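Multiple structures follow.
Look at the two complexes coming up: subunit A is in both, with subunit B in one and subunit C in the other.
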Partner chain A sequence: MEIRPILSALLRSKVSMILIGLQVALTLAIVCNALFIIGQRFERMQRPSGMNETDTFAVSSVGFGEGFDVRAVQAADLALLRRLPGVVAATSINSTPLSGSGWSSGVQLTAEQKTQSANAAFYMVDDHGLDALGAKLIAGRNFLPTEVGIRTLDETVAPASIIISQALAKSLFPGESAVGKQIYIDDPQTTPKATIVGVVERLQTPWVNDGYADIENSLIQPQMLVIGTASQYLIRAEPGRRDEVMKAVETQLAAANPSRIVGKLRDMEAQRRDAYANDRAMAIILGAVIIALLAITALGIVGMASFWVAQRTRQIGTRRALGATRGDILRYFQTENFIITTLGLILGSILAYALSLWMMQAYQSPRLPWHYVPIGFLCLWALGQIAVLGPALRASRVPPAVATRTL
Partner chain B sequence: MFAYYLQLGLRSLRRNPVLTALMVAGIALGIAASMTTLTVMHLMGSDPIPWKSDRLHYVQLDNWGPDQPYSEDGRPPDQVTYRDATALMAAGKADKQTAMFKVVLPVQPENTQLKPFRALGRATYADFFSMFEPPFKYGAAWNRDQDAGHARVIVLGKELNEKLFGGQDSSGRTVRMDGIDYRIVGVLDDWNLRIKYYDLTVGAFSSADEFYMPFTSGVDLKRRSSGNNSCWKSPGDGWDAYLQSDCVWIQMWAELDTPARLADYRSFLDSYVNEQKKLGRFARPLNNRLLDVNQWMRDQKVVSRDVQVQTGLAFAFLLVCLINTVGLLLAKFTRKSGEIGLRRALGASRREVFTQFFIESGVIGLSGGVLGLMLTALGLMTVRALYTSYKTVAHLDWAMVAATVVLAVVSALLAGLYPTWRACRVQPAAQLKL
Partner chain C sequence: MLKMTHLQKVYRTHLIETYALRDFSINVAEGEFVAVTGPSGSGKTTFLNIAGLLEEFTGGSYLLDGVDVHGLDDNGRSRLRNEKIGFIFQGFNLIPDLNLFDNVDVPLRYRGYGAAERKRRIEEALGRVGLSSRMKHYPSELSGGQQQRVAIARALAGSPRLLLADEPTGNLDSLMARGVMELLEEINGQGTTIVMVTHDPELAARAHRNVHVIDGQVTDFDAESSPRHVDAGAPVAAIS
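So, the complex of A and B:
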């Protein structure tokens, strides 16, 4: 391939070459980093909550006025919910995964230690809790109906038995079975230890967004939480019947007691969408920037290449007259584009790592994995070749006779 | 002459419609991306109360436990305890001060057509209204005596008043919440809060408060705040133990009108904490903070990391679009060398050639700006759809419209500078030879 004449031709239009090269360089740097961010967001969004999200929904209720007996209402509500056709399980619950609000606390192994052994989200459910959540028990047993107590904010009633997530079990008792072990989950000075009776495979904390470190550290207590006159229920419907059950629950709960407000029903799929709305928005916005960027760069290459073809029509004609084939002309422009793109990409890879380094320092983001840049090289090489193809084909069709014309 | 060059520019642009469209679209896209993200970032981070933001200070005390800091980076808790809030209110050492917390209460409307519903409000002191200056439509705030007297009075937000009383002057009437009647003393007008800066602990874009009641009456309800509550040790049993505990759940603001007052208040806080240390509280080193509104917004990262990254990338994108425009203009002007040579030979000075092509770049910029403005509006609509909580910060204002057009024209002129310079250096003789 005749590289030398291409190079000397390029050196005569340095500015245009630099402009295209710079464009390619910036495009590579931005696209690599943006793609990496999008990938991280998708990874976050894929994290499982450990519960059955497709068939479950939550509903809250708050009573008002004198003489509202929240405990009696809770018992009646749960009985009503469990009788409804299409309901698999219903429990009272203090908060749900993906909701963004809940209760977390430190737990410790001994009373003497000054710092906590681990931090965990506290879920308070009754003996139907695991079933309603759809959490998978991998060791030990579920709560017994007799173990379910009442918890209010005014008195600490320590549960005797608890169930913890596998992640919490591993961090508290690495290499051992957690079932049967005892831990402090409240103030060790005033409350006794609780016994771990079961371990669930996975249960996320309610906080997926706040950079909460141990997202799978959860602890389940057999308690009905009573805060003022408010209660919340989690209901799992038979597969495919969720929406129908939701409608029934809304009307039946409202009808069962007029001196309360039934809150908006939230199905867990909507809850997941809301929880990750920011990540999805970020991915969409960055995706749009990438597409626009690639389009602009490609169009820029088309524009410049067309200009070069137009400018060199006579030289092309001369070359053709001197025996160059159409293929030679086509390859000339393709090689030229390849050289410019490669130079740009080399600069771009430095920029890409510099941008990544800056993001690591400014936003504590992880380092750009090495394979993004080579993949970016391949994509932009392809983009350049496709963009230059049109103008290059036009150049190859320049008839040799052009060389003999004066204008 | 300007009009003539403008005409020439337009004519030249029409001659290569594809190239022109490419340049205009490039600038428009770059401008739209950068202005969309810039608008969101600007509105998020802009001072919500510029005339007094440096006088309003958020009070933070470090009452956390001796063994574990509240935050690894050394920041004190983002709220204060009931005990400290009431002590600071009673001392009254600031020019104005208020403690507050979020409450959610069931509303039982008089109008039986309306079903009972939950309303989100704020328990605070009378000074709240003169500190944060919400506009009143009817009536006025309650006073300090009513704070002290645990008065059952209430100020309604505009929306709640619309809902309950159809927007009429409801001051003097009552509203029943959870079985208790509150007398309405005032109704707010539209309060265009882009950011709920007075309480960032539950999210800067959380929905506006629907009502305000005296802090003292709020505490009388013996209901936990609906906002965040953090404890480093168990508060113990019962409501009174909770009030006396080291749990933090109250936001505290002080208005300090001069630097001297600020310095005085600082030393007052230090001596208060030192007094408390003698009582066995505040085991950690002295770590009081009095951030002003803007510092507090930065501390709480109101402008999120994502928005900053988006803005940075959008501007890098604009840079690519501009480089693209430089290349295309260069190509275009070079092809017109013959025309330039002719004009120069007929007596046009370099300066005149320069003006002509500079104006042509400006025309491209202006067209790109107008198209970019439309795309920006579209972009902001998308942002509103993607981030439902950004409703208040994703809309164009006049300053941003002007900034968009100026940015587009300046960018295009900058991009046109080198090609134009090259164009006016054309040697007439070289071009006229054939």
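So, the complex of A and C:
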């Protein structure tokens, strides 16, 4: 390998080497960190909500006109929904996972404690709630129809029975079964304890963003929420029939009672897309940045190598005349690129970790895993070699007779 | 050392054929110093390119130091060129970003010599042309005459059997040209065969014999040449 003479020749024309080296360095630093962020976003987007998202959808109803009896309408709607062909289960519900809005409150084990034991999202459903959500009960039992109460903004009747998510159970009662245990889910001075009658494997809170830490701390109450004249239902259709059932539900509910507006028909897959729209946008933007950077770097290498080949045509011919084979010329340009990219990549590795440290301090992001840089190193080495291959092959085809051509 | 018989070089396009060399025969014996002269476009450079294995020919035969070069692949030609031939170009063709040591090192690396052997040869070659004290200098720091000396050192470092010089003094003033010519004569005196293309009659006169080329054919030769270089078996008596 002609590393020493190539390096000393490069050092004689530093500007080009420094420019390409810096480009490679910045590309490595940015690509590694951007890929890491994209990976984190994809991980977030793939977190399961704990419910059946494929077959479920939500629909709302808002009554108008005098004498609109929301409780009677809710009971009639649920009876109608459950009779509809293709409906597996239907429940009234205050909020759904991935919706971005809902209720949450602190829960505590004793009345005396000053700080709350955990924070949890509250879902209010009837005895069909678990079925409609598709949540998997892993301990205890479902609500009984007799346990289901009414909750309005004016009257707060604390439920006697609740079901909690496994994550909340582990946080409240680590290492022991939560079923049968009692906790305060409201003001201990005014409301009695509720008994945990069941635990579901997983149920995400409505909030999936970074600001909400305990994303799987959820609590389900057997209550039908009544606020004004509005109701919200969650319906689970038979597999493959969701869209058909959605249309039927909209038509039937509207026809059943003309004194209300049926709307906000939203399937849970669409809800997931909306919930993670920012993450997806970020991943797409960063992906585009990565592709652009790699393309610019590759084109930079192609451009610089092509320029050098054109500039050194006579020199290449002279080398050929002095005994270089085509392979020797090819290797010369590949080695030259190898040296420049290696120097750039060494600097880029330091920059990549420095950028990660800065993001840790500025945005509390996790540390860049160590393996990203060596993998990026190898990929950019390969990119450099691929990019230089065309110009290097062109150089290897320079005929040795060029050496004797008159300038 | 160099024997071309009925050599032909034709450049073909889809419309015309141009003969650069036609029925070109020459025989250069070991130790000779031959000057090839002729007007511009006569085929001198084509002859030099073919002699130096820089170009292929389209007909006839060419033996270089007993090796029939016809049919050699590109790598074979490169290796043979590296082993047998040293080049001296009109424009010196030094690599501007390499110092003198590394410039002379170029053909030796392609030969595959080890570092110690290369160092010995480089120092010896640069010493022979009187530039051993300037090994770390770059070509731009030298005069034209000195640059041509470096090119000669580069050509000599691999101990070639044949030195091909293309207008070696063409870019030099008369004083420097004289110095380079004396160096070439000295090298030839030590046994290296030299074929020099030139259109300078004064330089050509200092060779053992002249070969004159017009329209791709040998048309004349120098009667003053030494008989020891005559190859009686040459099909075309281009030499005396």
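Descriptive notes on the structure:
We take it that the second predicted complex is superposed on the first by the 406 of 407 C-alpha atoms of A that agree within 3 Å, B and C clash if a C-alpha of one lies under 4 Å from a C-alpha of the other, contacts with A are read in each partner's own complex, and residues count from 1 in each chain.
Everything that follows uses one rule, which is that contacts are C-beta pairs under 8 Å (C-beta built on N, C-alpha and C of every residue); 3 or more make two chains touch, one makes a residue touch a chain.
All of these numbers come straight from a predicted model, not from anything done at the bench.
Of the two partner chains placed by the overlay, only subunit B lies in contact with A:I284; subunit C stays clear of it.
Look at A:A292: by the touch rule set out above, it reaches subunit B but stays clear of subunit C. In the superposed model, A:Q23 lies in contact with subunit B only, and not with subunit C. In the superposition on chain A, A:T146 contacts neither subunit B nor subunit C.
Measured by the number of subunit A residues touched, the leading partner among subunit B and subunit C is B. When the two complexes are overlaid on their common chain A, residue A:Q361 makes contact with neither subunit B nor subunit C.
Contact with neither subunit B nor subunit C is seen for A:Q46 once the two complexes are overlaid on the shared chain. In the superposed model, A:R314 lies in contact with subunit C only, and not with subunit B. The residues of subunit A shared by its contacts with subunit B and with subunit C are 406-407. For subunit C in complex with subunit A, the residues that touch the partner chain are 45, 48-49, 52-55, 74-75, 78-79, 81-83, 87, 89-91, 93, 95-99, 102, 105-107, 109-111, 138, 154, 158, 166. The part of subunit A that touches subunit C in the complex is made up of residues 2, 5, 8-10, 12-13, 314-315, 318-328, 399-401, 403-404, 406-407. Note for the complex: subunit A touches subunit B at residues 15-16, 19-20, 22-23, 26-27, 29-30, 33-34, 37, 62-66, 114-116, 153-156, 186-187, 190-191, 227-229, 259-261, 263, 277-278, 280-282, 284-286, 289, 292-293, 296-297, 299-300, 303-304, 306-307, 310-311, 359, 363, 406-407.
Those residues of subunit B lying in contact with subunit A across their complex are 19, 22, 26, 29-30, 33, 67-68, 106, 108, 115-118, 177-179, 223-224, 233-234, 236-239, 242, 304-306, 308-310, 313-314, 316-317, 319-321, 323-324, 326-328, 330-332, 334-335, 383, 386-388, 418, 434.
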